[in-house]
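As structure tokens, here come the structures.
In what comes next, subunit A is part of two complexes: it sits with subunit B in the first one and with subunit C in the second one.
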Partner chain A sequence: MMRRMMWGVVFGIAVAATMAASAPPQAGGSITGTVKVAGQTNNADVVVYVEHATGAFKPPAAPAVMDQKNMKFVPHVLPVLAGTTVKFTNSDTVAHNVFSPDHEKYNLGTFGTGLSKDHTFAKCPKFPCVYVQLCMIHPEMEGFIVVVENPYVATTNDAGQFTIQGVPPGQYQVAVWQAKGKAQPKLVTVEAGKPATVDFTVGK
Partner chain B sequence: MRKAVAPLLFGVALLTVAAAVGLAARGQKTPAAPPPRAITFRVAPVSGPSWLDNLNISFDRTSMGRMGQNTPPPTVRYEPKWNQLAGSEDLNERFVLSGSDLYRLDCESCHQPDGRGSPPEIHSLIEPVQATSAEVMEQRMKAMGRPITPAMARDMAAAGEAAIRTRLSKGGEKMPPFEHLQGAEVDALLAFLRELAGVPGAASQQIRIAEPYTRVGEHLVKGTCHICHAATGAGTSPEALLKNVLPSLASFPREKTIFFVMQKVRQGAPVAMGPLHEVSGGRMPVFSYLTDDEVAAAYLYLIIYPPRR
Partner chain C sequence: MNAPGPCPRRLLCVALAAALLVVVLPGRAAAIPAFARKYQTSCQTCHIVFPKLNAFGEAFRLRGYHMPAETEEMVKQKPVSLGAPAYKRLWPKAVWPGELPGNVPLAVNIKFADVNTSTLNEDGTVTKVWSDFQFPQEANIFGGGTLGEHLSFFSEMTFGENPDGSVSVELEHARFDFDSPFGPEDAFHLRIGKMAPNVADGFQEMWISTDAAIDSVFSYNPIGVNGGTGLAEDVTPAPISLPASVRGIEAYGIIRHRAMWVGGVVNGISPGPNGQFDGNNAKDLYARFDYKLGGMGLDGYLGDKAPPAENWRDNSLRVGALVYRGDGSNINFASADPLGNPLNIQDLHFLRYGLYASLFVQDLNVFGAFIHGTDQLQSLDPVTAETLGLTQPTYRSWFVQADYVFYPWLQGTWRYETLTPGDPAVQSLRVGVWNASMLIRANVKAMIEYQRDLREGRNHSLNGLVRFAF
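Our next item is the complex of A and B:
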């Protein structure tokens, strides 16, 4: 439970960093809501994102971080804006290997405690691009990098709650990604300075 | 006379051909095992505090220590069967060790017979060893429905092998460095680990090596005993045991007979603890997977190469 909560904080920081780096100058509205994952008590790790938004979005200058700690990828799910560099760190006392068999396929090699390797996610042909993140040495480890088109993205907490900040006023198609399930995108109207609410149920 | 010789000669020739064919066929099926590699080693004495003291972990808090709690003393006195052992190992001859023997002497006490350790205290070595096989990784990814290229699998396998070799020589946060293992020994050990981890074809890649008994003793002492027992220091007195100080390696040949040590290690033996010299089975786990010869080799190694501080 504590670990899950800590992950939530890490997501928050990562998402906030993404926001700070690339939020448009005008004060926007926000999209908030709850996602229920059918058949699960824990509703965390669902990515909620705006499908299309106008504008050119610059990836953050600072890399996003996915750590390897206690034989797990932390956070378990990391959404990033296209072009973002992800720093894979190793906080474990054993060597880890970092690779993904998806899209351009990368293998960052095997590295020990305190070391890190970077990969820039700039080759997504069709958003969102999901990369399953694996370690060949520890096959039980699994994480996900979800590359999205714009910075209007959030990850749910244990209760399934999410908030996408700084969305410019307008009408958007909001979609969700979850490792095992699916939900239909929904149309949402965002007004300045006002939270728009939308809920999802992720099923098989 | 002549008439009789000809068929006889023919018969002998036929038998010779048949035998030759038979041998050739047998040779093809099961190629003779290559002779064990004989290597010269520099045997060095064991030194310093136990690995647990290095880590500042109390013996009682380890999986090994917990396992050994409250063992009843054995009811039957240990009888070494020297006569039966004659011909198994001879101290004048080198011991022939396969990778599995090195695993027993250097690894098994922590990583268990199946290599899966005692998580989270001791990691499984199966998965890291599987990661040294390009074939296993290709198959695994194929089964996941996310195939990888053979080149990527080869890259990862090479990195996996480098990582495991580094791990062995440098150790980890809790794993001691196994600096005493050298070239062919590491190769033999890795070959066995691959077999243990179910890497296809590994069984036919086993390497045997020949080593003097002192080296065998060094493996057992450094790879197993020294995890808990310091090289020098306290002896086996009941008072020392009461203070929760495990007897030092140096004290064994000084205070205990080779027979007692063999029994203690392989079957367990009563120890006296505290001011009342209360007899119990002690806390030491039983290492029944070792042989008498290996324990004797360790005992003799401690005499010939006295432990250092």
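Our next item is the complex of A and C:
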């Protein structure tokens, strides 16, 4: 009997541990919605993020990647958690250079096809930190890395839709960043297992 | 040098022959399908019957070829970036970012004319031309567009085919503009180049609906022993009544949507004696101030008002005053005294004052201008350069034009113009123009136009014209 009880406790602990491992942190909900950029047909590349969230957030072990392909930065906008290392790759047949005049300012130099350079974004004085990515060889190239303080962030698709997954239940200020426009942050209440909806219009 | 003038009748004949000659000379146009392509919009967005602009088109022109409240969404042909906007922050360590038009911003206008004229000659005979098919009469190649936020350009090259098979080519416009480089939007624009100056633009060519130019205002020759006697097209150096085209620098701006100021410094009488464009080392100056009451703002501002559905309507009154001061010292015009003795004349200083008004009431637009000119003419011995006399003749000219939109595709025009030359012995010139303009398509226009010398009925013309733009 005791043995069966012990097996039951062990099984229960194992199931609980398995659920805890597979479930979003704190059984979170999601924030979803649409962003309309006034005066533009394409509503992509708007960063939607939770301004402040409690907890300590570790940057991912694997680097994020921003490629240079067809003489463009891909993705055009890349949001990363503070401390994340970004690997700048070159998939083009021509050499590229990567530099940013923002914040700590860096110039990763010029590198050819198949090569890459890394930079760790760990010096953001005030979130969000926006780093424009430029190529000195091709001045028309432009990309953005947006450094945020927590992992609750998403970018919009062409239609302006976004979903931020795994947000712990609570009340948050949700804000947006867009290269040419602005929108007022909005208060959003997230409940476990439920999507909270919020829409934005970005203007000048 | 106040000797009696020559026979007024003879001079009048010469003047009118010159006037009617203008009818068959290349006219001016400004329909730019390059803009229609860029915005994927109809010509009628900016034109009533091209090249006449509606209020929106006038705002588009004055704003440096940017639409009022333009957004990226409106621009269908995406420009080519010459630098990411972030490079602005890196200047002067990087080139300031700019743009190229997405497509080559060129457009073509072609004009066909069926010319019928009757001209009274000096010897009393009448020359008649019946149905001269000038197919084509001229072709214009336009370039116009923007180079990013604060730069724009406009050019026009006109090719005319002559009866002997030769071709005349004229670079009518080539200008580069800095648009709102600083300060409030549209408060300051700067243009450099060969251009239709804003001292007269608005009533000179942008708004005219007829094929006949307003010669009494722009083609008067003020040079003469006792003052100017009539029109002139081929006098060299080219004297100035009011310049239709200048080489120079002009600044203008729009204040609080309603007021427009203009100031310019230009070459003046040209060409010079040693191959230079300026006839002397003195520059001419001009200024204009306009105010518009009612209707759309000069920059396209509407406030809370909704624009009328009829794109030609803009119930409003626009009034303006202009002044042009020229210096023709050291520029000799070959002339002769009443006895036929050769002499040179210099237009030492000349002033032109003018008033302009344009009234839109529903489908009717009545507009006109009055010009008063003063010339300080010095007669010189062509050999010794001794001063033979000094006169200060004045002249005045004015015109009034009424355009009425019967249908969106049909406009009727009537114009009366008069010129009282500086030589008091010469009769004034009076000309009437009647025109019906039909849009076969938004970019294809047919016109029937009758022009008549109101003092001498044997001077008249009746022309049929087709102009198309692509």
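The rule is simple: the second predicted complex is superposed on the first by the 180 of 204 C-alpha atoms of A that agree within 3 Å, B and C clash if a C-alpha of one lies under 4 Å from a C-alpha of the other, contacts with A are read in each partner's own complex, and residues count from 1 in each chain.
Definition applied: a contact is a pair of C-beta atoms (placed from the backbone, for glycine too) under 8 Å apart; a residue touches a chain by one contact, two chains touch by 3 or more.
All values derive from a computational prediction rather than experimental measurement.
On the superposed subunit A, the two partners subunit B and subunit C do not both fit; they clash. In the overlay built on the shared chain, the residue A:A95 is in contact with subunit B alone; subunit C does not reach it. Shared-chain residue A:E142: touches subunit C; no touch with subunit B.
In the superposition on chain A, contact of A:G55 is made with neither subunit B nor subunit C.
Once the two complexes are laid over each other on the shared chain, residue contacts for A:V132 go to subunit B and to subunit C alike.
By the touch criterion stated above, A:G114 is placed in contact with neither subunit B nor subunit C.
More residues of subunit A are touched by B (comparison of subunit B with subunit C). Contact with subunit B, but none with subunit C, is seen for A:K105 once the two complexes are overlaid on the shared chain. Of the two partner chains placed by superposition, only subunit C is touched by A:A38; subunit B is not.
Of the stretches 3-11, 39-47, 93-101 or 147-155 listed for subunit C, only 93-101 runs into subunit B once the two complexes are overlaid on chain A. According to the touch criterion, the shared surface of subunit A, contacted by subunit B in one complex and subunit C in the other, consists of residues 101, 132, 139-140. Of all residues in subunit B, only 123, 127-128, 130-131, 137, 140-141, 144, 146-149, 152, 155-156, 159-160, 162-163, 166-167, 172-174 touch subunit A in the complex they form. Contact residues of subunit A toward subunit B in the complex are 93-95, 97, 99, 101-102, 105, 107, 109-110, 112-113, 132, 136-140.
Remark: subunit C residues 71-74, 80-87, 89-90, 94-95, 97 touch subunit A in the complex. The part of subunit A that touches subunit C in the complex is made up of residues 38-41, 101, 132, 134, 139-142.
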